[in-house]
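Order as written gives the chain letters A, B, C, D, E and F; numbering starts at 1 within each chain.
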C-alpha cells in the first residue's frame, strides 16, 4: 500500500477529482495549503507599501492506495493537475505499512479497496 | 516509531482526544480537511440551481508514536471516532525514521515520548 | 529522498523560511494546524463560563528533500523555529519512495532538486 | 448646578411630559410631528437588522443563514399580519368584544370614515403613520424569540409560532394598555414597551428555551461549556443598530415631536444605555476577571430595555441608575440561566424579559409621576406574564405535537444552514467544525 | 372595517395624493418639508452602502475588494458628474435644446437668479436640497450595473462606463419624465423611478452581462453550476440597508413632507417589500424545496422596485399584490436568466429590470388615477428601454474595443482583488479557493 | 449657468449663512428645528459604529474584540462624563473661572432655572437636545485615538486615558471657541470641528502612536512591512457609516433646521467627500500603480474632515477643491508617517489631524466671509495643538509610568483578544496566524 500526497493548483481540484473518479479512485482527502517552489510569488499593495507574497495557495491531496492503483493515481493527478505553467506542483509517494477503516475495523488493503 | 494519520468526523474530535488522553497520548496535531470515501455527499441549493458537494468536512489527526504506543493509539482513534455510520474515516500507519524536538533537540523515541 | 514534516509556532514561519532559503531550500508547503504537546493550553471566557482550549495554533511544514539536504533542512527548522519555550514543536522524518513533478513529469530526486 | 440640584430639577420635569400641544393643531405642527414619527418608524425598522446581526453574530457560523432567514421572514410576517388584523385588535377604538380585554374592529387597514388628517390624532400623526409605527413594534416582539431558540428550532415551526404570536397575543396584551384596555384603567404605565413589547417577546423566549432544551454539548457533566458566537463585529453592528433604533422606539413613543419630551426621552434612553454598558463591564471585568464584549453589548441593550418603560417619567439620575442596574442584572441573569440549564444563545431572556420586568417595576420606584405605583406595575407584569406564558406555552406545545419543534441531532450537528436551507453562510471560508 | 372596504377606502385616497399645500407656503412649512427631504437624501445615500454589501456578499471572497472599490468610486463619480452637468440636463427648466428630449442649462450648480428659498419650489425644498436628493438618485442607477457585471469586468472600463452613463444617459431619460419632457406630456407616470432609475440601471446591466459573458465555470456541460456568494450576513445587511434607504427613495419622492402622502407611501412601500419576501419565500420553498435566503432578500428588493413606480397611486391591497407578484417574478427571472446563460451574480437584472418593468406596468393596472393607462406605461418602458439598450450597447461596445471589458482568465481565476488591487479582502482567513 | 458663474453665485451665499430666524420663534419652528437636531444627534451616534467597524476592519482579526470593546466602552464613558462635567465645562455660560480659558458651571445636567423651551436657544433646540448633540461629539474625539493605538495598547490604560481626555481636555479646548472663549473672541472659525473635534483627537493619536512605538514587525530592516487589515467589507461599512453620520455632524452644526443653511452644508459636505475619494483614488492609482481600497475609504473621510471647518462658509467649488486636496494629502501623509516609523494602523492621524489642520486653514483661504483669515486660523490650530500635545503627552506619560501603556510581546503576538478578553472574534474560522 502506498500513501500518495500531491500538491496541486486549487483550481485544478475539480479536474483532478474527475480524473481520479474515472479511474475508480473515489477515496481521497484534501487540505488547504500554501507553498513555494519554482513559482515566483506576487506583490500585494497596502497603504503605500508592498508586501511580497511568496507562499501561494495550493491544495494538498492525500490518497491511500493499494499498489495496483498507484500508477493510475499518479496518472490521474498529472492528467488533472498539469497546465504546463510553473506552479503545477508535486507528487510524493510513501510506503503505507498499515491502514484501518474506523467504521468497519477492516485492516490492510481491504480498508482502502 | 510510527506516524499515525487519521481522518475522522469533525464532531468526534473531542471524543478521540479524550480516548487518547486516557491512554496517556497527549501529543497530537490536527488539521482541517475535506474528503470523500464511501459516504455520499449532499446537495446545496443556491438561486435555483443545485450543487453536489462530494467533499465532506473531516478532521485530520497526525500523531508520532513510539511502537509500544501504536496499538493504544489506534484503539483510541477507533473508540473515539466510531459511530458505525458511513463516513467514520480511516487510519494510516507509516514508518517514522527519525524525529526531533525542536525546543530540546532531543532525537528519536525520546522526542515523542 | 526524505519527507520532512515539522510543526512550528505560527510566528516562527518567517524565520524558518529565511533559514531554509539561506540553505537553498526553496520548495516547501505549509498548512495550518492546531496541536497539543507539553504546552498547556489557555482559557477562553464567554458569557460567564470558561472554556479550556488545549489545541494551540501551529503551522505544519512539509518538505520533500534529497538525502544530502536532510541535515540542512533540519538545521534550518531548528534555527528558525527554536525559542526555547515550551511549544516549539517537532520534526518528523519519513522515507520518500518516489516523487514526481506534475508539470515536467520528472521523477525521483530531480523532481525536488 | 450640582448633582443634587440636578435630580431636583429633573424631578420637576414631570410637568412637561404631560402633553401640551398647541391648542389648535395646524398643518405645520402635524407635518413636523408626522415627519418625526416617520423617522421613528424607519429607526424601529432598522432594529430588525440589528436583531438579525446580533443573533447571527452570537451563534455559530453553521446556523447563520437560518437566523438571517428567520429574521427576514418575521418582519414580513409581522407587518402583514398586523395590517390584516393586529392593528385593529390592538387599537380597537370602541370595538371591544370583551370590555378592556379583547377588541377587534375588523380586518385590514384603511382610512376611518370622515378622516381628517389633522383631527385624527390631534395633529400628532396620520392614520398611515399610526399603523406603520405600531406595525414595526409588533414585528419586534416576535424577533426577540428568534435569538433564544436559535441553532435548534425547526424553521417552519418557528415561523408558524411567530405568525400566531404576533397576530394574536401581542395585539391582545397591547390592547390592555396602549389600546386603552383594563391595565390602562388600572393605572399601569409602560411608556414604550418594557413589558408590552420586550417582556411579551421574553416570556415566549423563556417558554421556547424550556421546551426545546439546550443545544447539544452546552451542558456536559454538570458543567457549562460555552458555545462561542462566530462573529463579534457582526454582533457589535447588531447592538449598535438596536441602540440606534431605540431612538425611534422610545423617541417615537412620545407620539409627537414635542421638543422637550422627545429630547428628554433621547437623553434618558442614551444615558441608560451608556450606564448599562458600564454596569455590565464592571461586573464582567471584576467578577469574571475578563471584560467580555458580548456581555457589554448585552449591557447596552439591557439599559435600553430597562429605561423603555419609564423613559419619559424618570429623572436623568434615575435613568442612569436604572441602566446601570440593568447592566449588572443582565450578567447575573445570563449566568443564572446557565445554572438552570436554560440555554439562551444570545441572552434574549436576560435582556428582554429580566430587564423588561426590571424597567417596568422601576417606573413604580423612580417615576416622577406619583400615580405610578410599584404594585400596579407588578400587577401589569404579572398579568401580561401569565397570559404570555399560557398562550406561548399552549402554542409551542401544540406545534411540538403536530410538527415537532426541534431539528434532528444530525441536522443540529451539521448545522441548520445545510439542513434547512442547503446553503452555507460563508462559502469558501474554512472552519473548524468540531463544535 | 373589512378587507373589501379597505380597498374601497384606499381607492378613495387618490384625492389627497394631489398636492394640497397650504395656499401660501411659509418658513415653517418650508423648514419641515426641507428637513424631511434632507432625511430622505441621507437615506438614499445609505442605499449605496446597501448595494456594496449586497453585491459583495453574493459574490466570491476573491472579488470583494473590487466590488467595494467600484461602489465607493461610483458614488463619487455619480455625485460629481451630476453636479457638473447631470442636474442641469435632467432638469433643464426652459433650456431645452430639442424640445422635451434633450435639455441643458449649463455647467455646474449654483443658486438661480432671484432665488427665494420659499418660492423656489413652493415651500417644498431649497435649491441645494433639490440638487442633492437628485444627485443621490443618479448615483444609484450606475450602481445597479455594478453587481451584474461583477467578478469579471475590468475596473477601469467599468468606471468609465459608469461615468458616461450617469453623466449623460440617466439625465436624458430622466428629463423626459421628471424633467418635464415628452414622456411627461404623454401622461407616463413613474413615481420614484421603477423605470427612470431601476430599469435604466437594469438595461445597462443586461447589456453588460450579455457582452461580458458568464463567469468561468458557471455553465458547464449545459448545466448551471451555482457560484455561491461568500458572506450571507453581509448580503443581508445590504438588503436591509436598501430597504431602509427606500423609505427615503420613495418617501422623498413625494417631494415634500405632506403628512398623508408621505405616510401612505411608507405604508405601500413597506407592505410591498414584506409581500415580496413572502412571494419569493413561497416560490423558493415550494418549487425549489429549500427556502433560499438570497432569493428572499431579492424578494424584498423586488417588492420595493415593483412598488416604486406607483407607491402613491395604488391602494394598500394593490401594493401588497404588486410586491407579492414581484417577489414571485424575481425567482422565476433568476432561473430563466440562468437558462439563457446570462450570468448575473446578484440578480440585478431580475430585481431592477424585470421588477422595474413590472412596477411601471402595474401603475397602468392598479393606479387609482384614471389618467394612468397601461399603454402609456408600456410606451415609457419601451422608449426608455430602447434608448438605454442603444446607448449602453454602444458604450460597452466602444469600451470593449478600446480598453477591453473583461479581465484575463488567469486574473479571473486568482480573483480581481489581487489582479486589480493587489489586495485581499480577508487577509489571514483561510479559504478553499477551488472555485 | 457656467462653472464660473457658479462660484460667483456660491460666493454670494455668504449672506444667508448668517442666522436669519423668524423674528419671533414659535412652537412650530422650535419643533422642526429640534427634530432636525435630534436626527443629527442619532446620526452622530452612528459614527461610533462607523469608527468601530473601520478600525476593526483595518486591523488584524486577532485584535478585533479588543477594538470593538474599546469603541463600545468609549461611547459610554464619553456620554456619562460629558453629562457629569464636560457639558458644563464646554459651555460654561457666564461661569468662567479663568476668563475665556477655563469655565465650569457645576456638576451634572438639569434644566436651567426659568427654563423656557422656545426662549432657551431662540427656538433652535431644547436644553436636552443641546446636551445630547454635544455629548455625541465629545465621545467622537476620544474614539479617534482608539484606531491609531490599536493592536498594542493596554485596554485599561487606554480607557483611563480616554476618560480623562474626554472629561477635561476636549471640553476645555471646546470652550475656547464653541463655548464662547478666547479663540471665539480672536475671530477663529471652526464650523463643526475640523480642529475642535478631529484635531483634538488627532493630536492625542499622534502622541499615543509615538509613545507606544510601532507594532512588532511593521518596520523591519528599514523597510515598511504592511500589516493588512483583515476585513475590507467591515472597513467599508465603517467608512460609509461615518459619512452618513457626517450629515448629522456637519448638518447638525448649523444648530437649527434653517433650510438653506442645512442643505448647503449637506452639499458641500457630500461633494467634499466625493472629491476626497477621487483625490485618493488618483494618487493611489497613479503613484502606487494599484488602486487601494483602504486609501479611497480614507480619502472620503479626509474630504469630510477637511470640509468640516468651513462647510457653511466656502463655495461649492471650494468645497470640491478642499475635499480633493484632503484626499491627496491623506495618501501622502500615510506614506510619510510610515517613513517616520509612526505606525498608525488605520490612518487616524492622517485623516483627523492632517486633514483637520488642512480644513481649518482652508477656511482662511476659501471662506466667503472676509473676517476669516489664514492667520487667525493658524493661531487656533497652534493653540489647540499645543494644548493637546501637552495634555495628552502628560497623560500618556503618567499612565505609562503607573500602569504601562503597551501589552507584552507575547500578548501582542497571540493577539489582544485572547490576552485582554480571553475571547476570539471569529470562533471556528481558520486563520493563518503567521503575522
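Things to note:
Rule of thumb we're sticking to: a contact is a pair of C-beta atoms (placed from the backbone, for glycine too) under 8 Å apart; a residue touches a chain by one contact, two chains touch by 3 or more.
From a predicted model like this one, the values you see are computed outputs, not experimental measurements.
Note on connectivity: the fewest chain-to-chain touch steps from chain B to chain E number 1. The chains that touch both chain C and chain E are A, B, D, F.
A count of contacting C-beta pairs for D-E and for C-F identifies D-E as the more extensively joined pair. Between the CA-based centres of chain E and chain F the separation comes to 33 Å, rounded to the whole angstrom. Annotation: 46 Å between the Cα-based centres of chain B and chain D.
Rounded to whole angstrom, the centroid-to-centroid distance between chain C and chain D, based on C-alpha atoms, equals 52 Å. Multi-chain contact residues, meaning those touching two or more other chains, occur in chain A at positions 31-32, 34, 44-46, 94-95.
Among all residues of chain E, those that touch two or more other chains are 28, 32, 35, 39, 228-229, 231, 237, 290, 292, 294, 421-424, 426, 429-433, 435.
Contact topology of the protein chains: irregular, matching none of line, ring, star or complete.
By the document's touch criterion, interfaces exist between A-B, A-C, A-E, A-F, B-C, B-D, B-E, C-D, C-F, D-E, D-F, E-F.
Residues 413, 418, 421-424, 430-435 of chain E are the ones that touch chain A when the two sit in their complex.
By the touch criterion given at the top, residues 1-3, 5-10, 12-13, 16, 22, 26, 28-29, 32-33, 35-36, 39, 43, 60-61, 228-233, 236-237, 239-241, 243-244, 247, 251, 257-260, 262-264, 266-267, 270-271, 273-275, 277-278, 281, 290-294, 296-297, 300, 316-317, 320, 426, 429-433, 435 of chain D touch chain F in their complex. The residues of chain B lying in touch with chain C in their complex are 3, 17, 26-32, 62, 64, 94-103, 105, 111-112. The touching residues of chain B, counted against chain D in their complex, run 10-11, 13-14, 32, 42-46, 57, 59.
If you check the complex, the residues on chain A that touch chain C are 2, 5-8, 31-38, 54-55, 58, 60, 74, 77-78, 81-95.
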